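You will see subunit A twice below: alongside subunit B first, and alongside subunit C after that.
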Partner chain A sequence: MITTRLIRLGLIVGFAALVPAVFVLLAGQSLWRVLTTLVLYAFGPQGWSEVLVHAIPLTLIGLGVAFALRAGLFNIGGDGQFIAGTVVSVFFAPYFGGLGLVGLLAFLTCGFIGGAALGALVGYLRERFNASEIIVTIMFNYVAVQMVSYLIRGPMADPMPFWPRSYMIPPDCILPVLVPGTRLHAGLIVALAMVIVFAIIQHRTVFGFQSLVLGANPGAAIYAGFRVKALTVLVMAVSGGLGGLAGAVEVGGLYQRIVDNMGEGFGLAGIAVALIARLEPIAIPFAACLFGIFFAGGGALQRELALPFPLVWIVEATVIFAVAALHWALPDRKVAA
Partner chain B sequence: MIPFLEARGLTKAYGQLRANDDVSFSILPGEIVGIVGENGAGKSTLVKMLGGAIEPDSGSIYISGERVTMRSPADATKAGISLVHQHFKLIDSLTVEENLVLGRPELRHGVLNFKALRSGFEGVGKDLGTSLQYDARVSTLSVGGRQQIELVRALFHEPRLLILDEPTAVLPPTERERLLCLIRRLKERGMAAILISHKLDDLYDCCDRAVVMRAGRVVGSSDLRSDDRGQLVRLIVGEELPPPEVRRGTRGAPLVSVRELVVRRDNGTVAVDRGSFDLHAGEIIGLCGVEGNGQTELMHALAGMRAIEAGEIVYALGKQTAVKCDAASLRQAGVAHIPEDRLHHAVVPSFTLTMNWFLRKLSERGLVSFGFLQRLSAAKATHEAIAINDVRASGPRARMSDLSGGNQQKFVIGRELGEGVSVILAGHPTRGLDIRTVAVIRNRLVAERARGVAILLLSADLSEVWDLADRVMVMARGKLRGPVPVGETSLAEIGHWMTTP
Partner chain C sequence: MDLVLITGILAAGIRLGMPIALAAIGESVSERSGIFNIGIEGIMLSAAFVGAWGSAGTGSPWLGIVFAMVIGLLLAGFHALMVLVLGVNQFISGIGMVIFGLGFSSFAARLTIAAKPTSIPGLPAIDLGALSNIPFIGPILFGQSPLAFIALVLALAAGWVINRTAFGLEIRACGEGDEVARALAVPVNGRRTACILFGGLTAGLGGAYLSVVQVHAFVENMVAGRGFLAVACVMLGRRRPFIAFLSSLGFGIAEATQIRLQTIYPDLPYQFLVILPYLAAIVALVIGHRNVERSA
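And then the complex of A and B:
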């Protein structure tokens, strides 16, 4: 029994290693150099902070995906909710100038509300019209991309429009840099705080319990008398809100404005992060760091070895496959709640 | 005479647990043998070994005197053994014919001669006296119809031994009668059959002898003379059953009044068609009907799990006379509900017992405060409840899916019943459970009635209704008949009502 499991695990890990390796070889690079470049960069003097910088939004989006998935809802709309968060937070940011910490918190809250509104809409469409949340969230991603693209060229454009980008947020809304000389910003604290908050919500509160029941056995949720429709909308709102918060954090911590294509690919990576963490809040920052290495390191591979960045996406896809296959090798999870 | 099948010393262990320990028995051609035992006695393991699904750790199987090794169900089929599972292995969205074809080895060759197969199926079907619509989707069939597909599938190989695992557990009385008739007919042709059942009546009606299993061993057998029934029960349970609770209730005021109730199914068809009745304190009303005639929807509407379309349900509970009809408020007001579908409604199988305890207790003081779960208090309450209700589990941290069906049901009942309950809605509370658990649950219901609780008992087991209920009510195609006092009607009349709306 145990040996079969080990063999299967070996096969899965082998698969996950083999696929990216093939593409590295196709791109004409040596595996060894790629690996050493990646590791040296990620744990090197500049790289470590970049890994964390990328892990911040991935943690938040991953938390949101995991929270919805535990409730049986597949939120693929991380990208759209991220954008909604940037738009709403930047839209209201001018009103928060001069408010200090209160302004910063209000700014972040606006990001959460932006994503939550979009998530809640998806939940509502699902409950009202029986629309698949998978399809709807994917569609909204495209809507969001086009909307923001219009906004930063039109109503919310930079007053001096050299590039398609929005106006700047006031200094009060900017997340301070934690380690001088790096880009690592206070969004790290926001992300870790959310991890703790959601670990508690998931396992200690009635709301978290209800969402777990909804995912594990919808019939039991009806038997228990939960208001399933309202619960679905709420779970989608919270899940989307985390995506939106990621957007606001990215604006406040890195760009100070909305720029074209920011956060591209984070939505999908967030799903991978949630899956690798096996939907467990506490494990999510670690999974996010792994993808932080791929994202930050992907840039380094592009610069130093001229490897195309989409290699990161290949790694991402492989990881999703491998994680999806894990149940084949692992014993059943003993306790789900 | 050489036995068709002989098992010698079959042993199968799962970890520490010896599911089958040195099991030996034999069956002659044309013999019908019942295998009985409580849940966990090892019947399923034995059946799986005979059906080729698992291999014994030691021991051997002889077919017509020859030793055989069966590594897969296909090997068993070749040896002339067919199996009808308790849980049907059918795909709802496919037609009857497509489901039958799925089980055929010809499928491997990639091309199917539907015509030839169809005539084969029809031959077997006609032989059985079935009226299967081969182009109908399985989802449109009754439980009995689904079982007939399984029977056609099993008999298509012309087996010499048919194994039926709990075949009557889900059947209404008329269809049960038909099935037993069929088994007797097959016997006349020299086919042997093994009947696994919890219901002693099945054995007495149909079997030549019974083999009793307990804790993985064969502990005895019975030639099923009607005067040794008590002896057989003692053999199965290993001790005396608790004596049946006989206290009557005193009928009080109506606690639930249903008037002109209309409830629809998810697909929009009318499930309950203008039903009216009163359920009084201190009485048990038995609700009978062929599966799928609206009883489930009625129970769910009463429990607040399904919206009502027209009419009303008035609960007179405590000071209030009407309660907001959602499952949580009803539960709080004292309406306990034992759902008929345990795994889809009553419990979350992947959760621990403690987390399952919360499921219907979220408004209970001490278990939840300010929206936070008090897991320690819940664990303590769970611990006490599993001790009081004799739930066999390793503890509050055990996973619900690791419990046997009977223990799950005892857990559910322990969670639902207690102080403050004045109405019990019980959906098939003893279905598929072993004799001892059935006796415990029945006694519990009767004791609750004596306390003045009003009980609506949905049951497919008419003898259970006759034993427990004061009045009986029948549902056919959404229409209610009754309730009438049990003493003023007969099994024949109820059976007639069940089939003619």
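And then the complex of A and C:
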């Protein structure tokens, strides 16, 4: 038994190490150099804060994906909900000028509402018309990308556009920088607060419990008399809301406006984060930091070694496969989904 | 609308819908056996790159297409391994495949064909002589690439195999209740593997169609959701290959229409037109998927 498990575990770890290594070698780079560059950057004087900066939106989106997946719903719409969050929050931001902390909270709430509206729509379409939430969320991603592209060139454009971007949000809506000299902003606090909130919702509330039952056994949820349709819409709304919050946080903390292609790929990475954390809220920030290392480090590898950034996606996919295959090696462990 | 415009839209629509259609044929067979592969987006991307790279390297578009089919088979085989042998959730494996395809195709392209100017030999339309000159029908039906005819044959053949042969009956049994199939000594995993591999093969063809036949280049993320649209078409076609094939062409025509509309209404922001096929997919799922068993 033990040896079978060890062999299987070894196969999985070997696979996870081998695939990225092969691509690094194909690119003509030395593995050692790539690894040292990555590690030195990620834990170096500039890199550590960049890792955390990337981990902030990934934590929020990952929490959302995990919350939906616990309820048996595949939310692949992180990118679209992120965009919806940026649009709604930036749209209302001018009204929040001069309100101080209240304005900032209202700004972030608007981001949540934007993502939640899109998520709720997906949940409604699934419950009312049986439309697969997987396909619908993906389709909305493409729609959202085009819509934001229109908005930042049209109605929401910068009054003095040098390149496509929206107008600036008022100073009250800006998340302050936590460590001077870095880009690390107060979004970190928002993300960690959400981790705690969702750990409580997941494990200590009726809503969290009902969503778990819905995911583990939909039949039992119906039989227990849960309002499954409303629950589905609500879970998708909350999940989307976290994606939207990530969008508002990214605007408030980094860009102060909507720019082209911001947050691209965070939706897919959020799925990876949720899966690696085994859908456990407390584990999500750690998984997000791992991907923060890949994202920030991937940029460094591209700059310093000319190693193409898409290597990050290859690593991400490999990690997803490896983590998903873990319960083949360790069958009695509780594995989500 | 005049006839020339309609002819143009239909001919272009079939061309634009063909990558989706090819992928949808295989996916409907795979789903008939009970296995979803939402990773075909990633398989198509990988195949689009490998097809372009292969045809640039060998100078032969047909060899490029063969390379693309091989990568499609390999990646689908990996999906089969994950789902059937390791017991991984099929949607999670699919998402992994999407991300892998995105990474692999962009990474490899930047190291090879995108690093230096490369010409990619394309596949010309077959010359059917007088047939192509028939007004209206000629350009629509006979001005297409040979792959389009292969797709039509594949769609009809897949439907025939599923509905009319013992092998197809076994596939349907696997998809509708694998316990019954097991009880009847149908090798469930074997049948499913075959169906998943067929899905990878046609997704590979679809990706190659995009890069080798249509664009004559590889552009990063060029599949742009066509793999997901193919999955939507399979839902719309209720897993019948030929209906899925036709729905895909419908999306192609929607795409061709929106491109024409961009030139007809230059004042309208193009973004509102670009989203039409994606919105059409959502609307179609809402209308068409009502009474089908839950798919996810």
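In the analysis below, the second predicted complex is superposed on the first by the 331 of 337 C-alpha atoms of A that agree within 3 Å, B and C clash if a C-alpha of one lies under 4 Å from a C-alpha of the other, contacts with A are read in each partner's own complex, and residues count from 1 in each chain.
Please note the rule applied: contacts are C-beta pairs under 8 Å (C-beta built on N, C-alpha and C of every residue); 3 or more make two chains touch, one makes a residue touch a chain.
Keep in mind it's a predicted model, so treat the numbers as computed, not measured.
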*asked:* Once chain A of both complexes is superposed, is A:222 in touch with subunit B (first), subunit C (second), both, or neither?
replied: first
*Examine A:312 and indicate which partner it touches, taking first as subunit B and second as subunit C; both and neither are also allowed.*
second
*Contacts of A:74 with subunit B and subunit C, given as first, second, both or neither*: second
*asked:* Tell me the contact category for A:147 with respect to subunit B and subunit C: first, second, both or neither.
replied: second
*Between subunit B (first) and subunit C (second), which does A:255 come into contact with in this model arrangement: first, second, both, or neither?*
neither
*Looking at the overlay, does A:268 come into contact with subunit B only (first), subunit C only (second), both, or neither?*
second
*Touch count on subunit A, higher of subunit B and subunit C*: C
_Applying the document's definition of touch, where does A:327 land relative to subunit B and subunit C: first, second, both, or neither?_
second
*Who does A:23 touch here: subunit B (first), subunit C (second), both, or neither?*
second
*Can you list the residues of subunit A that meet both subunit B and subunit C?*
337
*Contact residues on subunit A for subunit B in the complex?*
204-207, 209-210, 212-213, 216-217, 219-220, 222-227, 333-337
*Where on subunit B does subunit A make contact in their complex?*
303-305, 326-331, 337, 339, 341, 343-352, 355, 358-360, 362, 368, 371-373, 375, 397, 399
*Tell me, which parts of subunit A touch subunit C in their complex?*
23, 26-27, 74, 76, 125, 129-136, 138-143, 146-147, 149-150, 153-154, 268, 271-272, 275, 308, 310-318, 320-321, 324-325, 327-328, 337
*Complex contact set, residues of subunit C against subunit A*: 38, 42, 82, 85-89, 91-93, 95-100, 102-108, 110-111, 220, 224-225, 228, 231-232, 235, 269, 271-272, 274-275, 278-279, 281-282, 285-287, 289-292, 294-296
